[in-house]
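Look at the two complexes coming up: chain A is in both, with chain B in one and chain C in the other.
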Partner chain A sequence: MNGRKLEGPAIDFAGLSPLLALLGGAVVVLMVGLLRGRAAREHGVPALSFATLAASLGLTIWQLDSSEELVAGALAIDGLGTVLNILFVSAGMATVLLSWRALAPRESAHGEFHALLLTSIAGMVVLAWSTNLVTVFLGLELLSIPLYVLCATEMRRATSLESGLKYLIVGSLGSAVFLYGLALIYGATGSTDFAGIAEANSAVGLSSDPLMLTGIALSVVGLGFKASVAPFHQWTPDVYEGAPTPVTAFMAVATKAAAFGIFLRLFDVALIDSATAWAPALAALATVTIIAGNVGALGQSSLKRMLAYSSVAQAGYMLAGVVVTSGLGVRATVFYLAVYLVMNLAAFAVIIARERETSLGDDLAAVEGIGATRPVLAWPMTIAMLSLAGIPATGGFIGKFFLIDATVDGGYAWLGFVIVIGSMISLAYYLRVIAAIWMRDAPAVAQSTPVPAGPRPALAGGSPEGDAGPGSVALGAESPPAQAGAVVYGGEPGGGKAHWEVALVAVLCAALTVAAGVVPQPLFDLVQRCGDAFTNLV
Partner chain B sequence: MAEVVFFLAAIGALAGAVGTVAVRNPFYSVLALVMHLLSLALLFLLLRSEFVAAAQVVVYAGAVMVLYMFVVAYVGGTSMPLGPGGTRSMRIGSIVFAGVLFVELAIAILGTGLKALGTEGAPYEPGFGTPARIGELLLTKFLLPFEIASFLLLIAAVGAVTLARRRGGLHDAEEQRITPLDLVRPVSTGTMAEAVGTRTNATTRERTGLEYGGHSGRAGPEDGDDGERTGLEAGVAPGGDTGPEDR
Partner chain C sequence: MSLTVVIAVAALLFGIGLYGVLSQTNAVMIVMGVELMLGAAMLNVVGFLRYAWPEAVSGSFFVLVVMTLMALEAAVGFALITSVFRNRRTAEVDDLTELQG
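Showing the complex of A and B:
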């Protein structure tokens, strides 16, 4: 137009590279998933996916010290972004290992499963690096939409589909409320940039303006849905229980890290001058969350449901780090996110291993007596439970200590008390798991051997009911393979073997949990970098 | 004049929005949504955003609504009127919460100290709202959001295909190799004959009480090589020429 030459914005490709690697990898994985060879799809795709994540991790470490704006004020790379990216990518690598030989990617095609996973991680990176409300919302959607599909990837199990649908509806509601809040914040401040919002907020003195306060309240609600903060947590147990377990593990750790990343950035950077308005509200929400999560977990017999309620409670602990609006609070939150990642992944890896070994699924009975029979799984689960409860010499203890330190320092000592009381309640259900592991005998059915057809959800081909039904004659010739398939395909492949990579994830994460509790200094040094994003915090 | 158009469009938008959720018949619901979107386009015109208004009409009121119409027609439309779900207390609770939210938003809009809300707003500058200006913004300030939105659409399409493509029985369809045997195979046998899935699954599922019905004759994913053969064997096995349709 007018012959005017349009100047494009300066793009810092080096800083953007961890994100570009993920998006490029997603496309490549999607293409490789179309290859004909079975090995290429079943092993090549996960390997490529893992390599993509490893590349992104390497690029992040390369960019660890950079702190600059990336593209026209949409993203910025800084300490918080890079440290959170390390968490996302680590969670992604663990998820790739856990889902390598799982049912979900086979049901939904490997290429698509891993492309969705990588895109979701890319969405988290966008969210955690964003410095603009437009980017925040797009990042949130890029994170969520693949997750809705991933939850439903075990397509022959009704609960998986139900969990995907439930997450879609609740997540969309949360996104809509969040978007409404962002629109009101934009209306009040006239800017979508975080810096512009903070400037308008402090210059005009908007901290008590009803429009701004309503915008903040709606944003809290929207993010509360994503981070499963009570009372917006009701979807969490159902979705966590229904989703394929590797996806649940990923959702539990990575989504939470992303949600808290944006909590920190939006509230401690853009809305910092309204802290007097939102901090007490968030503190109340944190209290409700800690109580609701811990009390809800008490009566659960399904391990996944229990961990879902436990994740609600942990979200409450981490919210305390946001409330205090101090550099210490930011560091404590990120430290806890890192510890939470490894201890939860260890627990979920053990659940996955037992799901494959027994026919009990994720019931508490699946881990009964594994202290004697499967010590390689029993120890990681024990360490994860102790760490989640906050027992000394585990990372969970240091993390909680750090958070309580931040609350006392920030003038919210009563919130520290709530954290302690919550941890005391939580011992009841964490210790129940440990008791089941070490003090009970393995149930007789747990070590079941493959039973051909019978009560299994047989694939009819060679089974009696199949023979009786119409159309089975045509398939009579190949009944033995069909039968073998029936056993394995039963969803809970009883008598299957746990794969080494699952045990590896469990052992590695448990080792890291202990390491974070015994020598926390390296992790302290890492989270120390997160402070540089928050110039106006003490 | 502008006031008259504004109130007409605003009433139309609100009535359309209320109608979308209040009407029981999904078909009328979609029509109400069309009315809502057209009224919004009118409001955009009042804001001098001609391009956005046109896009609203063409893309939303036009293309997307036609798709909605197809979906409504496909899944049953009038035969399944939507009713209010939940118990009585839940319905009352939802109304109370909606009322509280409405009051809160009303307070937010009316009680704000921002002075510009009651005025004419920012002055008009030539070129505002033109495609050229919007394109320029998408290529400069909002370059990255624009690119991310495109990736979002890609992955949404991938997700939709993933969910829609695979229903029970299609698992090893991709294992099928094209061989000369396909040419001599009788019509309506082979993988497609099995894939229609009208066979004993329902009874199997009832008897076992588990969701994993699976499909007749389909091999599980673990026994890969067997699964690869399945489709072809079904076509050439003795009696393989009797597909489900023949029974």
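Showing the complex of A and C:
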């Protein structure tokens, strides 16, 4: 070793460019956040953040066909990486729009909020590209640590801080268990490289090696915490409910995509030869997850909690795509991730819009009767719920169909059956939201359902009809029932008003959800690219 | 000293850390438990690097990266605990019960 000149690894900067754009953007955004001008901070920072994400998206599309190692076998860009990249960056763009005039960045300083968001997305990109245990752990922490802080950005609201601390404790516990698992896998195979692990695994046949099996089990537990797979999902409802809603939306879609990206890479590439050991265990976990998520969501009155449990159930569906260890399973999982992204973003955008328009926060009552008063929000929410439930002509149906197809094809037909049962249970709570939207009257102020007391109201964006007229004051129990028409939805910033960008995200995502259900071919073509990362799969 | 001893010590550390996370009610103690668990994992990697795979140097990078991340995680963790303490005057996780249902 001594005397030999160390040669640095060849670095493919063109391939790395989407990641470098994000990191560079994070630095610039942090600096611009220090400017004194109010407009620069409140509008310049989000605009720059959005531009960064758009640049990264453009660079990803430029690199769409590349499939190569980037840095000394630590990162590789391939079909799975680029497709997941598009998902992360799109989720980030939607989050920037949703948080543009939200409370969280104002409370925590705009520069910091957006820099953390961009860093977290960079962590996801590292995770999706990683082909090495070291970069896997690096990416996982780079995505998680900013998220812990983002959850706590509404710093004067106790629930936001509580959700941040809970996420930190559970997340770091998950990371520690995951790391212990990775250390054991390294010990069993003598390699941190995915290719090296797979090679050692197939050469020696480590399927019954206790070190390897313990390592795999602990990695499943660790990733289970991140992807909120039951029985490691208990943190999900609390954290989703407490975090600022734009952050919740981001967490729900992007973190899930990142966690499943690494699930696919680690299990379907590095540990593929031990599939007989982990596939039945993951199938059992998927079943438990589907049941726990769907049953947990039944009794929830908070929309964010309901969507949190629903995201647990959806994680179970997607886990089925990992279990089957086939190219079809990989494509089905990624397809579902894409659909899941748009339908959840549509739902969260509507929740954010109603949080700002009413004082009901994320309670189910906030969407009651919006079918008549706010069709521009009612339709996206309806489409999102139908799609999450898997009704035909929506992306969710095609996604579930694709997943069930993969389970039957992979010899796990019973798991497909579990998915169907889970979807049937899920109709109960999704349809409850649709019924609230179309079949109830808008809650008049006088007879309003109990406003969630304490933590939320002051920060939810003011009173619902505060600007409508002197008579309809939110707190007055004696005030005349505010008619729907009395509610003014202006474009003025702040002050309990609807914001066009939130409605735009809702409508756009709902349109994409329907598009994925009616003409799924473009998305199929995109997902088809993921196959090249898995040369060892059928 | 052999690999078995190292793995046993690491497993013991991991167990102590896990017990700490699950049994302690003070957020500071919980973060310390997590640090112990991460330390156990690093000890494992070092043990494997020394006794089983001396030529697989990527293990040493692994330890260095993990060490950095561990420090970051602790920093962010204590910052969060501090802001919760300022807001609520407590660092006991049993008192954080606003979110449930």
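Methods note: the second predicted complex is superposed on the first by the 482 of 538 C-alpha atoms of A that agree within 3 Å, B and C clash if a C-alpha of one lies under 4 Å from a C-alpha of the other, contacts with A are read in each partner's own complex, and residues count from 1 in each chain.
Simple rule for what comes next: contacts are C-beta pairs under 8 Å (C-beta built on N, C-alpha and C of every residue); 3 or more make two chains touch, one makes a residue touch a chain.
Please read all numbers here as calculations on a predicted model, not as lab measurements.
**Q** For A:P520, using the defined touch cut-off, is the partner it touches chain B, chain C, both, or neither? Pick first, second, both or neither.
**A** Touch status of A:P520: no partner.
**Q** Given the superposition on chain A, which partner contacts more residues in chain A: chain B or chain C?
**A** With both complexes superposed on chain A, more residues of chain A are touched by B.
**Q** Contacts for A:D209 in the overlay, against chain B (first) and chain C (second): which applies, first, second, both or neither?
**A** first
**Q** Quick check for you: in the superposed arrangement, does A:G329 touch first (chain B), second (chain C), both or neither?
**A** neither
**Q** Would you check which partner chain A:G242 touches, where first means chain B only, second means chain C only, and both and neither mean what they say?
**A** In the superposed model, A:G242 contacts chain C only, not chain B.
**Q** Looking at A:G399 after the superposition, I want to know if it touches chain B, chain C, both of them or none. Which is it: first, second, both, neither?
**A** A:G399 contacts neither chain B nor chain C.
**Q** Of the two partner chains, chain B (first) and chain C (second), which one does A:G369 touch, if any: first, second, both, or neither?
**A** It touches nothing on chain B or chain C.
**Q** Look at A:P46 in the shared chain and tell me whether it touches chain B only, chain C only, both, or neither; answer first, second, both or neither.
**A** neither
**Q** Once chain A of both complexes is superposed, is A:G531 in touch with chain B (first), chain C (second), both, or neither?
**A** After superposition on chain A, A:G531 lies in contact with neither partner.
**Q** Considering only touches as defined above, state whether A:G8 meets chain B (first), chain C (second), both or neither.
**A** first
**Q** Determine where on chain A the residues touched by chain B overlap those touched by chain C, and list them.
**A** Touching chain B and chain C on chain A: residues 132, 134, 138, 141, 145, 148-149, 152, 155-156, 158-159, 164, 184, 187, 455.
**Q** Could you list, by residue number, the parts of chain A that touch chain C in their complex?
**A** 132-134, 137-138, 141, 145, 148-149, 152, 155-156, 158-159, 161-166, 168-169, 172-173, 175-177, 179-180, 182-184, 186-187, 190-193, 237-238, 241-242, 300, 302, 305, 454-455
**Q** Where on chain B does chain A make contact in their complex?
**A** 104-105, 107-109, 111-114, 132, 136, 139-145, 148-149, 151-152, 155-156, 158-163, 165-168, 171, 174-175, 189, 193-194, 199-201, 203-205, 207-208, 210-224, 226-230, 233-234, 237-240, 242-244, 247
**Q** Report the residues of chain A in contact with chain B in the complex, numbered from low to high.
**A** 1, 6-9, 11, 23, 26, 30, 36, 38, 70-75, 103, 106-109, 112-113, 115-116, 119, 122, 126, 132, 134-135, 138-139, 141-142, 145-146, 148-149, 152-153, 155-159, 164, 184, 187-188, 209-215, 217, 455-461, 463, 465-466, 468-478, 481-482, 484-491
**Q** Mind listing the chain C positions that touch chain A in their complex?
**A** Answer in residue numbers: 7, 14, 17, 21, 27, 30-31, 34, 37-38, 40-42, 44-45, 47-48, 52-53, 56, 58-59, 61-62, 65-66, 69, 72-73, 76-77, 79-81, 83-84, 87-88, 93, 96, 98-101.
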